[in-house]
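Common to both upcoming complexes is chain A, partnered first by chain B, then by chain C.
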Partner chain A sequence: MSEFASPPATATGAAPPRSGPRSFAPQSGFSPWKDPSQAPIVRFDNVTKQFGDFVAVKSCTLDIYEREFFALLGPSGCGKSTLLRMLAGFEQPTDGRIMVQGKDITALPPYERSDVNMMFQSYALFPHMTVESNIGFGLRQEGMPKGEIAARVEEAMAMVELKPFAKRKPNQLSGGQQQRVALARAIAKKPRIMLLDEPLGALDKKLRQQAQFELMRIQESTGTTFIIVTHDQEEAMTVASRIAVMDKGNIIQVATPNDIYEAPKSRYVAGFIGDVNVLEGKVSGITDGVIDIEGAVSGCHYKTRSNEPVSIGQQVWLAIRPEKVRITHDKPQSAINVVNGKVDDVGYLGSISHYHVKIGNGQRVTALRANTAMTVGPPISWEDDVWMDWPTEAGIILTS
Partner chain B sequence: MQTRFSWFNVTSIVLGFAFLYIPILLLVIYSFNESRLVTVWGGWSTKWYGSLLNNEQLLTAGWVTLRVAFISATFATILGTLAAIVLTRLGAFRGRTLFSGLVFAPLVMPEVITGLSLLLLFVAIGMDRGFWTITIAHITFSMCFAAVVVQSRLLDFDKSVEEAAMDLGATPVNSFFQVTLPIIAPAVISAWLLAFTLSLDDLVIASFTTGPGATTLPMKIYSQVRLGVTPEINAVSTIMIAFVTVGVLAASYITKRSTMKAAADARKAQ
Partner chain C sequence: MRRWYVIAAPYIWLLLFFLIPFFIVFKLSLSDMARAMPPYVPVFDMSGLANFFSQLDFENYTFLLSDPLYINAYTSSLKIAAVATMFTLLVGYPIAYGMARAPREWRPTLMMLVILPFWTSFLIRVYAWIGILKKEGLLNLFLMNYGIISEPLNIMNTTTAVYIGIVYSYLPFMILPLYSSLEKISPALNEAAEDLGSPPWRAFWQVTFPLSMPGVIAGCLLVFIPATGEFVIPDLLGGSETLMIGKTLWSEFFNNSDWPVSSAVAVVLLLALVVPIVVFQRMQQREREAV
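== the complex of A and B ==
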């Protein structure tokens, strides 16, 4: 498993030499969602789910394409699991349709949805069966000949390195091994779409990272469409080709990890994925795609390049990632995109440092600096008076 | 660290157990009495067990009791399991509270009332009283005990295991027989043994619902005791005690073993 510890090794070494459906860089050209000739493998069409008065999913429309590793991301209770369970067939939508490969499967019970298999958060292993017969369970339901089942089980166990444990019962396995049995059991059915409900939630951090790369390797080598539900934004960013960010039953934004991070649509998305500084202001001018903003903190003017359709006088928020903020003791020459404040807190994390600075209105702005070279001048410390600035390209205009 | 018992503790335990078990112990000892007179000790003998084999009436009653217990325990377990599944798996449905109340009411219902109401029912529908009316009555009152035992097991059962079975292509029926039933099997067996034991020693309900030709062992013993206790009764009672003890011990052993085994396996996995 060690060879999957770093993503580049997987891309060149262990994985088959063919140019995979998706390499680890999302820019590599796998983007069927941009190709209008591609038909989605899964389509949620205006799907709503209510439990009594509680609306778990509000008229969601979502297309997922073949060979995608799609992540549903959001806090608990946002409806992501409900969406997944509706696709598996455990919940019936109150309204709307679910299509798989163009066929309406909304009314099918779970055991007739042969294209879809699910891996459960609790693993849901059969405690009275050995690892082997757990993995073969789904194949036995199909009435597959015994020899074929044995071969498929063998193959699935090899894929997740479970062979030595074939005769054990689930409660004789560690958490990480149980997680692999759950994965192998679903994958043995060779579904076209694999659903994963918080599959790594019960693992500790180190094991989880290892398992993430293992999931990516299996997804790539089998060519299966994976849909994962997670509340861990780092996990979603690591594994997914696209992420749908959900909140209170709504899909807020669907985009690649890169776009979600660099071009979030709202303050909610910006805040959910990574750290972000949000500065309030009013639009004071628009020239050639550059928007001028009069900051809410008096004397602050911001300029940022954006295609966001805004009008003069409109209230907007400027989101800037901490790593794009420069922090110095000396006042920068330009007066645009500059804020002044006192260092409130310094977080030294070894490779990087966080600087939390309190600005005029009491708001905290975070700057992040890599501890690469010897710093020139005195180090920045608590209570220092500092200046922070950022380039015109760094800010993102958010209107909601 | 060893817990040391104080004199007070020892005394209260001894008295408590004596209070509970001396009468039963006496009965067992006297069943091996040589003497014809129940109250006079005449040395050890197993002759009353031998003469029991020739007592046609007691043997018939014993056979009726076993058949009633076997059939009623089986049906009570099936019905109780179904009730438990409905109560734990169907979620909130209209009338759920009423249903669960009705299932568990016989637990606290005085036996006299259960017996009397069943008697009235059998008379009203014109059913001839006998073997089958006793069996039906026993199913009725032991079903709720079976339901309680199975329900407690179903409640701490991860529902996603059944979902996983269906996700992997098992129909609800297949999923029940291949996954749910094997997992709850210890509870189902316990429920059966409990229902069997309850039926075996029931006197009140059986007396109400019996008819000609269907006398259970407790009824037979009770009627004979009124004419005076014979050593044979002691012998047959001892056999019944053995039956019930084995049943109860087996039920608790089965339940305990499955939890202990799971704990041991979990330790091994560390």
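== the complex of A and C ==
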């Protein structure tokens, strides 16, 4: 394992010493994208990919830094896999350049991109080879001495706990084991950049969560830059240091999971990550960073703290996460961000409950409440007349 | 009860049209030639069963061994069939590979084109090759017209013509099993191999070719087995120097009217081909188990 732990110095030679491993917490000291002295390990420079008339990726520019666990997130057909496949070398960009450590690799075929290895969605294990020789395949291509290959294969198998299965063929393995072989096969090459195309898509939920933590552990211990493609927002939030949200070939927003959730840039991003209430309105006043909004639902006024540059009269949308909405039977004392409605639906999920409330105009607002013993008053039920409110800090102003 | 009928049907078919005829031929091979009708003795006779069996012997088989003509015909047939199978594989593999990697919507059309020659009689297609290969045939006319050769090529009535005939006639039997095994190989496997540092040609030999082995073996046997006993192609395209067991069998049966010896030739041919057939079935079984 020791060999994996020390990545070679960057080509620029200017990698500053790191202050220990980063924690998995979304907000930690690890944020090379904020440091202008850092050179990205991967740079997509205005990359476009067309298949006939279909534009899969539209002039994407994206920097990914060393040791990042970067997630490309979006619905199927948004171009995230195409972006990854261009980095691996399976697709040629129609326009633009792809740089790895400052080197233009756009024209290199996949087998000459030694810094990059990919784990396939289908795993693409060689069915005629044992687990061992699958994992050793990439090393044999390099003409590595036999003893060294055996040692590396051993090391990679130990990392993903595959040793007992060394002599088995892929079809004698379970889905989870196959997934680990695919991972070990790519990691055995010790790439600087590891690409993962929906790596856990075929696993059931419980196994997937386990595998997510395994991926994070391996990423951490090897110091490899991981780029993962996924349509599962929860997965992206769990594993990634940064997420790029994509839609129809465009990168909509690149940010940490925390920022994506708390400060989405558009209704699309807000809706894609987690649940969100979106309230339409017009800006009616701006005072000291607090924006007044005249709601589209009659009689609703909202106030929210925001730095968003908006002008009076502009149409905006206010996004509020359900867990930030308080729901009560009694009218709250505060007068701001208060709406009144009828409970339309209650979703009981054990630890928490969802309340869907109609506030008029067909608009529904969802509130989320933890089912703690402290919850006071009678339980909220269908057709109840309820009040909902949220603090001025909770709402996010979206202009698109 | 009804299930029993369904299972029995193929076995009854095999019994009636394979096993019983085979035993008749086998019995003939143990008989002696006679100037009579039928031209062999003994004829099956219920009254003297013991006498009937006592007259059967393996004389014809020892005769096959004693005359080098037969041994040469067998080895020459196996050699011609083996070489022709090799060439069929060399021609068929790229075609099957191209079909398997063609856009999905083209594949049925390409498949159709491979099967299309079957719509014309086999005999007519082999005859057509005479028109192409003979001295004043299409091939020589074409080559001489364009000044590529000055003297006509002497292909007709040679073993080369037999090779051409076999490769042409049996190509679909090679392509179809190859195609079906190549089509099953996911292109992602080649991508994975390339991603792991293997250039395309090496990826082919390390991944695609080994995985297409069941198709290679099936195709080779489907060509090799009928080509060994082939009669029409050597008869029409081959010359006097082309020695093949099918022709020997024919002349023994029709020219010499020696039914017992020609039956012995047929039985030995069958035994010689049972070995590759068993290998073929083993391979198929292993493939099924692997899935």
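Quick note on the criterion: the second predicted complex is superposed on the first by the 378 of 400 C-alpha atoms of A that agree within 3 Å, B and C clash if a C-alpha of one lies under 4 Å from a C-alpha of the other, contacts with A are read in each partner's own complex, and residues count from 1 in each chain.
Operating definition for what follows: contacts are C-beta pairs under 8 Å (C-beta built on N, C-alpha and C of every residue); 3 or more make two chains touch, one makes a residue touch a chain.
Quick caveat: nothing in here was measured; it's all calculated off a predicted structure.
S.K.: Between chain B and chain C, positioned on chain A by superposition, is the outcome a clash or a fit?
M.R.: Clash.
S.K.: Mind working out whether A:258 is in touch with chain B, chain C, both or neither, as first, second, both or neither?
M.R.: Touch status of A:258: no partner.
S.K.: Is A:126 touching the first partner chain B, the second partner chain C, both, or neither of them?
M.R.: both
S.K.: Quick check on the superposed pair: does A:221 touch chain B, chain C, both, or neither? Answer first, second, both or neither.
M.R.: After superposing on A, A:221 lies clear of both chain B and chain C.
S.K.: With the two structures laid over each other on chain A, which partner does A:172 touch: chain B (first), chain C (second), both, or neither?
M.R.: first
S.K.: After lining up the shared chain so the two structures overlap, which partner does A:371 touch, if you call chain B first and chain C second: first, second, both or neither?
M.R.: Neither partner.
S.K.: Shared contact residues on chain A for chain B and chain C?
M.R.: 88-90, 109-111, 114, 116-118, 120, 122, 124-128, 137-138, 141-142, 171, 185-186, 189.
S.K.: Considering the complex alone, what residue numbers of chain A touch chain C?
M.R.: 88-90, 109-111, 114, 116-118, 120, 122, 124-128, 137-138, 141-142, 171, 185-186, 189
S.K.: Touching residues of chain C toward chain A in the complex: what are they?
M.R.: It is residues 186, 188-189, 191-200, 202, 206-207, 210-211, 290-291 of chain C that touch chain A.
S.K.: Spell out the part of chain B that touches chain A in their complex, as residue ranges.
M.R.: Chain B residues touching chain A: 158, 160-161, 163-172, 174-175, 178-179, 182-183, 262, 265-266, 268-270.
S.K.: Within their complex, state which residues of chain A touch chain B.
M.R.: Residues 88-90, 109-111, 113-114, 116-118, 120-122, 124-128, 137-138, 141-142, 169, 171-174, 185-186, 189 of chain A touch chain B in their complex.
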